[in-house]
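What follows is a single structure, written as structure tokens, with notes after it.
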Amino acid sequence: MDPIMMEFSQHSPVLIVMAPFLLGMAAAAAGWANRKWAFPMAFLGLLSGLIAAIHMLIKTAKGEILVYHMAGWLPPFGIAYRIDTFSALILTAIMAVALINLVASRASAEKDFTEKAPAWYALYVFFVSGLAGMVATEDIFNLYVLLEIASLSAYALIGMGHNRAPFAALNYLLMGTIGASFYLMGVAYIYIATGSLNMTDIAVILQEMGPNPTITMAFALCMTGLLAKMAAFPVHGWLPNAYTFAPDATTNVMAALTTKVSIYIMIRLVLSLFPLSLAFDTGIIADAMVWLATIGIFAGAFMALAQKSFKRMLTYIVVVEVAYMVGGFWLGNRAGMTGAMLHILNDAAMTLCVFMAVANIRARRGADAFSDLKGLFQTMPFSMGALVISGLAIIGIPPTCGFFSKWYLISGGIEAGHWGFVIALLSASIINAILFFKVFEIAFFEVPAETFGQNSREHESDHHTHHGLPSLAMAEARISMLIPLIIMALTLLALGFMTGGIVNLFIDPAIPGQVL
Amino acid sequence: METLYSITPLLALLVSLAAVPAIVSSRNMNAREAWTFAAAFIKFGLVLSMAPFVLQGGTIHFTIAEVIPGVPIALKVDAFGLLFALVSSSLWIVTSAYSIGYMRGLDEHSQTRYFSFFAISLSATIGVAFSANLLTMYLFYEMLSFATYPLVAHNQDHEGRVSGRKYIAYLLGASVLLAFPAMLYVYVQAGTLDFTAGGVVAGNVNSGTLLVLALMLTFGFAKAGIMPLHSWLPVAMVAPTPVSALLHAVAVVKVGVFCVFRALTGTLGTGPLSDAGIGTIIAIFASITILVSSLMALSQDELKRRLAFSTVGQLSYIVLGVALLTPAALQGAMMHITMHAFGKITLFFCAGAIFVASGKKYISQMKGIGRRMPITMTAFFIGALSVIGLPPAGGFLSKWYLVIGTLESGQIAFLVVLLVSSILNAAYFLPIVYRAFFCPPEEDLYKNESIKESPPWCLYPLSITAIGCLVLFFYPQPFFRLAQLAVSQIMGG
Amino acid sequence: MIPVDIIVLTLIIICALGALAAKDLMVAAIVIGAYSFLICLLLAVMGAVDVAFTEATVGAGVSTVFFVATVFQTTRRTKD
Amino acid sequence: MDAIPYFIGKYNYWGCIFLFFLGMYAMISKTNLIKKIIGLNIFQTSIILFFISASFKHDATLPILMEEHKGAIDPVMYLNPLPHVLMLTAIVVAVATLGVALTLALKVYRIYGTLEEDEINHAIQSH
Amino acid sequence: MKKLALILCLFAGGLLLMNAHYLPMWGDPASPASTHVSPYFIENAYEHTKTPNMVAVVLADYRSYDTMFEAAVVLAAGFACFFLLRSRARGKKGGHHYYRHIPTGVTIKIEEGGKLPAENSKVFRSIDALWTPYDPIIQTTCRCLIPFLQIYSLYVLAHGHYSPGGGFQAGVVLGATIILLAISHNLKTSLKRMSERTAALWSIIGVFIFAGTGLLCLLLGMDYLNYEVLAPLLLSDEAMARSHSILIVEVGVTMAVMAVMVWIYYNLSSAGQQDEGL
């Protein structure tokens, strides 16, 4: 590498946040002059973020932990970024997901928001850089600020959707602010008890200090806040409406990233800030969380069964997936944690894929009620193919990535002897299968009423109908939406095959040694 | 025992998968079917090329990806796997030819989709055959379930929808709820899932748990069709006949018993199973299935459904062979995979040929049809002989070994089951043959002069498999040798 | 000095309750302005002058204006 | 422990915690959206007060260095500046959130013509 | 729902209140919060930056990264309000317009469909529908007040190093002056002084000044926002460079906060139409 690149590359921890952020602002500014310039700027910003992320991924894979001191002040006095293998992995996932969705959503964003599209790009990029910062930062207060920038952008991104979106976004805002404020209150307690804001520093202090009621309270507050942010079961109410009525371009990235990053934060706080003994020694907290997750899985799955539109059904699946990760992590053993951490990555990928497929369908059909899905296997074979793959991933069928994280989660449940959780995971697979096959059946066996007789081309020998459906003309989504979707579908398979490498290189080193 | 690391198994696996894009993008039917044939022959060639090495007692390994510590996605070609792969890949060639005749003969819709998923199914089948561990096998098992769904639901009508739903519900439900957790439990206890002689769980679990695991694995691979998880098979008969023939007589169902076979012998181990007396329990389930399904077959009027129930029974022969856990019984079970495959595919081909030529689906309509379609019905007779287990058809040999196996294990009750079921088999097959040849044809057969032998693309394949049944009786050595080898590998000899 | 703190905090709580209880949103908006101002006072008492300054401008000033603007654009009516 | 110093020593915390949950209760239970947002405001300011209360030191002065102390600085003399900075940030974040919340409330009003949550829900269901 | 919320809040509140027992006493100088990190700031702030106001130092130097994102949050809020509300369609107030005939001071209401005076007419001036009677006292007072307020805000900004105040406060006060103009006159008047486009651009530039300063440090080979490296550019030693840079970034914050406050007000007060405000 030439010296300039060397020089520059050591800054990747900050560039991953700042490059998208600056270019996002540039997108807004340039978009004010000419709308056409906004997209390239946003694209460039996320691309540079992705490059920085991959660069860090390679570096951390070699065993390095990247620490970056903002403004040159050493922690605990200044703010530091600390990127270990797992955060690098999540950062890469965030940037990749955001970039792919940006490309895929360009058309719909520019159609929906017209002159306000530059503002959409800017908010989108702010959102992503906020999430990236949350993952990278080692300072608990900086985390709050970044959380808020991500959330504020999210509220705006959601609020521009369907007619019901503003109300859903407002509910999300209230719930999100409660979550963030609980977290901030927790930060206050931590600060009162330790006087520090740096995670590593706090961990050291807490190690020396031993059990402390203030820290227990801080722990409870932070966890409550994060549970609300990640839409874990009893406080998931904001999520289905917000994601259903948001514009597709927004839903894709939000569903894939928001909850996952909150879970990442939870994992990071428990593993590298609070003493592990606080979380797992008594067993009460951990058990309660796993049971909560178990109930959450069932509740979410059954609510998903009751839905009448596809996108809304998927939002409940997001709730279920959150419960997988929460439960898996709180099992407290290595397999469960690995499963939860792996599932963050896998779920981000498969949620993006499935929502992108729905976005394609909605772009073509204009709606996503189950009755609007008829005949889709004929008219949109590629989108449906991707949908099938992502459906299989969500059900947990090998060799898609969803299977392998489920593997770890269930084996963690078996190791811990937590049969309720195991049964919940297995039942969720079955219920997901029912949900997706319901969709597949409609798309495969039924034909839109108005196409009978008109559109069927009977004379082509190959498509001659014996007793199948009348042939429908193909009406795929536009190519700029289709190619990202297919890439994502293939990624789901690739991630499955790379599971071993990902776990060994990136997840295992991030779990402390005392977790068995 | 020699081991070799080679990519050939992967190539054999992928070749039909690689054919899919070519099939999809083909401009006309001939090109599409040419691709299918090319893939089929290459696949068979690749499988065959591994035979000499394996026949010498060697195994071929290939690791695709290291996915979970101790459990890679890996391929291993041993005698048993090769035996199964040989059967399914050779029959794919025949079935491809038959498909052309059948699909064109009936002018079916969506043939491209049909051929594509057929190719994918074959890949999955070969994948199961060559799996080195339970995870890999599970992977291909599920792949097969999903790849065959569009084939079962091919007609895209209401019946197809209901059948497809039942099909996927049984297969997926059983595998996710039973086989998957059992596999994970084994993994958590043993830390590995490789198929090894003597199993991997020995010493890690008590006999109660072992029994639960054995039952979960046996029923989890519901493609084996052990009652009460058998009823997907008769409903899956709505699929086009070549699908029923290859998949629901050879590939899919045999994958089921193959998986049960592997899971019981390679994962749980013959030793622990027989020590705990679990084999007998599974054998009882298998016996019940054999008898009940044979009785049910008697009452079916639709030919394909009768064949389906017959298949359910025959599959349980194999499971019974496994459950007896003696060398002869295992060998008989393996031989039966081959023999039943050839016999049953012939029968299905015949059923399909009759449907193509005359549109007849019901046995009661088939009086005298043997006079119009002599070749077809002769083949049917040979296939029936094989399935019943009478010389000079191959089925006799495998049944013979199963009988020896029951004697070896000293469980005479199962011998009785075998004999009674053979009589029942004869009772539901021979009347069809009798009726076809010796009953006067029905009125409408005379009226409709156009009924004659089915098109050559249908006729030749069924003749070939019928001859195959006979040949296997007189020259079973390759399969025989493979089965012997496999037993010694499984029993750890 | 200490009683000042307690008195102000008590007043703050009263203001908060008042703002939530008000039947007219415009009143509530103005009371919340007073609330912010008292907060600012308490902050100043506790020596956080910078924060107090910010709270005075942001909380008592701009936030109140935002509230009033919104109430103006919507409605003053409330059921609770 | 003496009751009065204890009361004085904890009163700030109690007040803040009371405000915290008052705000939260208002956010959950009030049906008027503006009232909810007022609750949000109270909720957020309570944390600011809490933080500053926790960092208060008796007998210390403002965190602005006095001329005579340049050179030898005794930390006990000055208030802790760090929470002030954090809360400055928190206030600004709060006003930003408030702006977005009010914007959304305004948008909701323009769609449904009401700010009452139950009326909005009714309108959604009857639609 | 209400009862559930009440029980929840009482329960959690009780828990926290009981836990308050373990918190250090109010004003305890020996609490960890006052003894761990903060002495470092108090002792070193002046030495590092030659700025007596420790809050300003911590804000814009030690924790400058936080502050930058704080400005970014404000910017995001501005974008959010614009994105959500702004529309060119007319609101629900009906189609009628109010105009004032300047020479006579007469107010006329033009019903929907009526002929409107020219946009740049010298004789007629459009006034708000929520029109308040012409009040010279308020208008004149505000006119007189605004320049002083603006100068005061610049003082707050510039003197932030030595006394309470700084970028945020200055920005808010500056923004408040323009809002005051809008309230005392009408929205159009203030839009003429500061259009939406200017507000947006200013807010972006403001944050960009902050982030750009950081980026410059990075390009010059030091950590992000490490002002030390700017010393040669600012023709001073390292401590003074920090002091100057604090001012620079505070200017950025002021611009951003001012513009965004005004921008949000424009959108909120006119429900996004930006024709008629309060």
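Points worth noting:
Just so it is clear, A, B, C, D and E label the chains in written order, and each chain counts residues from 1 on its own.
By our rule, a residue touches a chain if its C-beta (ideal position, glycine included) is under 8 Å from a C-beta of that chain, and two chains touch if they have at least 3 such contacts.
The structure displayed is predicted, hence computed values, not measured ones.
Steps from chain B to chain E, taking the shortest chain of touch contacts, total 2.
Within the contact network of the assembly, the step distance from chain C to chain D comes to 1. Taking the mean of each chain's C-alpha atoms, the chain closest to the overall C-alpha centroid is A. Remark: among chain pairs D-E and C-E, D-E carries the greater number of C-beta contacts.
A separation of 32 Å divides the Cα centre of chain A from that of chain E. Chain B and chain D, compared by their mean Cα positions, are separated by 70 Å.
The centroid of the Cα atoms in chain B and the matching centroid in chain C are 78 Å apart. Averaging C-alpha coordinates per chain places the centre of chain A 42 Å away from that of chain B.
Across the assembly, chain D contributes residues 8, 11-12, 18, 20, 22, 24, 53-56, 60, 62-64, 82-86, 88-89, 92-93, 95-97, 99-100, 102-107 that each touch 2 or more other chains. Multi-chain contact residues of chain A (touching two or more other chains): 141, 145, 148, 152, 155-156, 159, 166, 191-192, 197. Among all residues of chain C, those that touch two or more other chains are 49-50, 54, 58, 62, 66, 69-70, 73.
Every pair of chains in contact is given here: A-B, A-D, A-E, C-D, C-E, D-E.
Chain A meets chain E in the complex at residues 7, 11, 14, 18, 21-22, 25, 28-29, 32, 68-73, 76-79, 113, 116, 119-120, 122-123, 126, 133, 139, 141-142, 145-146, 148-149, 152-153, 155-156, 159-160, 166, 191-197, 205, 212-214, 217. Considering their complex, residues 5-6, 8-14, 17-18, 20-22, 24-25, 28-29, 53-60, 62-66, 70, 73, 75-78, 80-86, 88-89, 92-93, 95-97, 99-100, 102-104, 106-107, 110 of chain D touch chain E.
Taken in their complex, chain E has these residues touching chain D: 1-2, 5-6, 8-10, 12-13, 16-17, 20-21, 23-29, 31, 33-34, 37-39, 41-43, 45-46, 52-55, 57-59, 63, 66-67, 70, 73-74, 76-78, 80-81, 84-85, 91-92, 162-164, 168, 257, 264, 267-268, 271-272. On the side of chain A, the complex with chain B involves touching residues 335, 392, 395-399, 403-404, 407-408, 410-411, 414-415, 422, 426, 429-430, 433, 437, 441, 444-445, 461-469, 471, 496-501, 503-504. Residues 141, 144-145, 148, 152, 155-156, 159, 163-164, 166-167, 169-170, 173-174, 177-178, 181, 184-185, 188, 191-192, 197 of chain A are the ones touching chain D in the complex.
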